[in-house]
Amino acid sequence: MIGFVVRRLMAAAPTLIAVLTLVFVIVRIVPGDPALVILGDQATPEAIAALRARLGLDRPLHEQYFEFLFASLTGDFGTSLVTGRPIVSEVAAVLPHTLDLTGAAMVIGTVVGVPVGIWAALHRNRAIDVAARILSLLGLSFPVFVSGIFLLLLFALHWKIFPVIGNANLADPVDRLHKLVLPAITLGLVMAAYITRVTRSAMLHVLSEDFIRTARAKGVPWRAVVWKHGLRNALIPVVTVVGLYVGILIGNSVLTEIVFNRPGLGKIIVGALNQRDYSMLQGLMVIYCFLIVVVNLITDLTYGLIDPRVKHA
Amino acid sequence: MTTLLDVAGLVKHFTVTKGFPRPVTTTVRAVDGVSFSVRRGEAYGLVGESGCGKSTVARAVLRLIEPDDGTVRFDGADVRAARGETLARLRRRMQIIFQDPYSSLNPRRTIGQALTEPMRVHGLASGRAARDRAAALLDEVGMPPSALDRYPHEFSGGQRQRIGIARALTVEPELLIADEPVSALDVSVQAQVLLLLRDLQKRRNLAFVFVSHDLGVVRWFCDRVAVMYLGRIVEEGSVGEVFAEPLHPYARVLRDASPVPDPSGRGALPRIVGEIPSAANPPAGCHFHPRCPHVRDACRAAYPGWRRRGERGAACVLV
Amino acid sequence: MSTAAVVAVSPVRRAVARFLANPTTGIGIILCILVALSAILAPILSPHDPIEQDVIAQLSPPSATHPLGTDYFGRDVLSRILWGGRISLIVSLTAIAAAIVIGGAIGMVSGYIGGRFDNFVMRVMDVLLSFPSLILGLIVVALLGPDLVNLVVAIGLTAIAPFARIARAPVLALKERAFVEAGRALGYSHARILFVHILPNILSEVLVMGSLWMATAVRTEASLSFIGLGVKPPTPTWGGMMRDGFENILDAPWLPIFPGVAILLLVLALNMVGDGLRDATDPKLRAE
């Protein structure tokens, strides 16, 4: 197992470097001088030159690249141009809010999606299945900012059950939970829709496999077959696909945070966009890269745990 | 008769890498020094068990895969050295017929398109003229002209094989390489297609490299034959002589174990005793020695050299 | 030799039959056509000018003159929704078309060449793919500046990698088919084999995914506009209208409902069509 983990870690390293290279390219491929973009047309040449020096833009590209790689890999994501504070601390300050949201959404997505998906697969083409399919199609067609605003209209403005403003006091668990409910449902429904679909098709696939038929032929009760053989094997594709949806989760969390006015990575990124905080954007992209590489690594490892064959492959 | 195709020392190895993250690389010596020549208008057979490298020889001769070593001469021209236009012109003169009639035609193109395209590409004919030629070719292979506007899925395996033959003829080749042209067909259809090929050979004075694992078919169709074993030719000679009195023990086992052509087209060759041969890890010395009833010490030491006996020859210490 | 060909129902016709048997697909197509028509006919259907301001009719609820009410500047919401559909459709259609052409070409060539080159290209695509598409789009638009062309660039960029993968997979299988080798033996160029022979065989698969990705593109365009990175005001966009409505949610709670429903309908319709097409052409389902 340890060997497997180490090998996966080593396989993740080139991906991380490649993603970082992509970030570097994206930021630098933009036409025009970033310093000019940041300072605007009215800036004096001296001011622009000073900013270029501060951003390291006056140095050769390869130097900039290797320094960027080295800094990123050693955890130095730069400082915000606007506040002057390290990006890591800016992010750390709001990260709990974002983790609350995405974590809760994942839980909702799994708790709703997996059982519904299995249920639908077991009742293929019956009313339950059709309903599950229609609902999941609806769920993944809803842009989160639309569903978020609709939920807000209903539960916060019409019935006034939940607050409109989502800036939770982290130290107060009740407040924290209260303000999490609507955003988490908004984001969770999308995940539930995706997970329902994947679970359903994975389960259908597994149920048609030979070993399920054999188990049934041997007289193992249907319920036991489903739980022991079916579920375990259906979860394998589900876990990988959940890993793939991290990108969707992250993108949607940004929109959810905006709608519910929650502090978090999403609000930071939008703030940085509005203030043309170029270093902040680059730093955030790097942090997202790390997040994604780590999540992919975790799904890989989970995959290895559920499916023993993977270790030897 | 003049030599049309001359192959000397042909080599093709495949390296296969499997496993991640600790990959294991093995080298498959699919073709390991094959030499033979085919005369104008002659039908030359290539027989051997499945996996012995027959298809690889066929593809390497046409450079559908690049050979690793050796020379291929067609009518005196160096095929391996040819590039661009020269290669296209040489390829036009040698065509190939494939085993699987279901994958050899593009499902999205009509028979007419499949037959006129080569003519257009080589500037032989276009428009009305190309269509007329295509219809004439269809007639030559026993298909009606109405087939021109149909799609491959509307035809049976035997009909598709006829269409494949017609397509090969569009560019007026002098040599046809037929890679197991009937083994995927129903027995009832096999004979018809073989008769067609024989008919074409005589009428157009075509030379053939006829690849098959079916001795009966080769015996009927070919003038000369080479027996392959694990990437090498172990015996060569006229069909009559080789099958009447094989020199190489492997050729003998092959002949003795194949009384009638196997209808299924698969497993036509006998289950010969001994371990299954692998071109990835051929035994030292004579590759056949682990299965050979006449094995002696010399056989294990070195690969036996080629010994001539008049017009024929074999690679065996017994000869 | 018998002249009778094997009579078989063409796979295309069977796919069409299956496609029509699935009512969700039909509904999806009708919805798509309706949205497209309303966008094309916006100049005729709109009761008002979509950007003309009417300060007196500010934030008025739905009425006879303004069936869906007016926004903060007194602009007619119905007219803006009709016109806004144009932006959504134009941006997502061009972005996906570009992604299909560029991504499809990358995937086809990469799969056809194979080997190390293919490994490298697909690794790069995986990297692009691992990046959250909304964040990628967000940053690209932010850096390039929000306008129609840059939106297309940003959204198209996020869809290149998926189409490269979608196009590559069938090419890997097709290039092993004997008709490709036959083509080479007949002296066809690689370009001819790839674009005349292989391309038609993968087109349906790619186009089916195209409609699913259209749905994603519409959602991304709306999301970017909602964040404020869409086509600049006063041009009406559905995402932008959601943003305006959201800002005035306390005074006019109905305002975000209509553009929200419009986005949902179009995305849903595209997903329904894509799902139906995929089921109809999926060889695995066909075997059942």
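When the chains are written out, they are named A, B and C in that same order, and each has its own residue count from 1.
Following the convention adopted for this analysis, contacts are C-beta pairs under 8 Å (C-beta built on N, C-alpha and C of every residue); 3 or more make two chains touch, one makes a residue touch a chain.
This structure is a prediction, so every number in the text was calculated from the model and none was measured.
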Contact-richer chain pair [A-C vs B-C]: A-C
Per Cα centroids, the chain farthest from chain C: B
Closest chain to global C-alpha mean, per-chain Cα centroids: C
Centre distance in Å when chain A and chain B are each reduced to the mean of their C-alpha atoms: 55
Whole-Å separation of chain centres (CA-atom averages), chain A against chain C: 22
Separation of chain B from chain C, taking each centre as the mean of its C-alpha atoms, in whole Å: 49
Touch list for chain C against partner chain B, complex: 1, 3, 5-8, 10-11, 177-179, 181-182, 184-188, 192, 196-197, 200-201
Residue ranges of chain C touching chain A (in the complex, touch as defined): 24, 123-124, 126-128, 130-136, 138-140, 142-144, 215, 219, 222-223, 226-229, 239, 242, 245-246, 249-250, 253, 256-257, 260, 263-264, 267-268, 271-272, 275
Residue ranges of chain A touching chain C (in the complex, touch as defined): 14-15, 18-19, 22, 26-27, 30-31, 37, 134, 137-138, 140-143, 145-146, 149-150, 152-153, 157-158, 246-248, 250-252, 254-255, 258-259, 269-270, 273-274, 281, 285, 288-289, 292-293, 296
Residues of chain B touching chain C in the complex: 59, 62, 64, 88-89, 91-92, 94-96, 98-100, 103-109, 117-118, 121-122, 142-144, 146-147, 150-151, 153-156, 159, 162, 164, 167-168, 170-171, 192
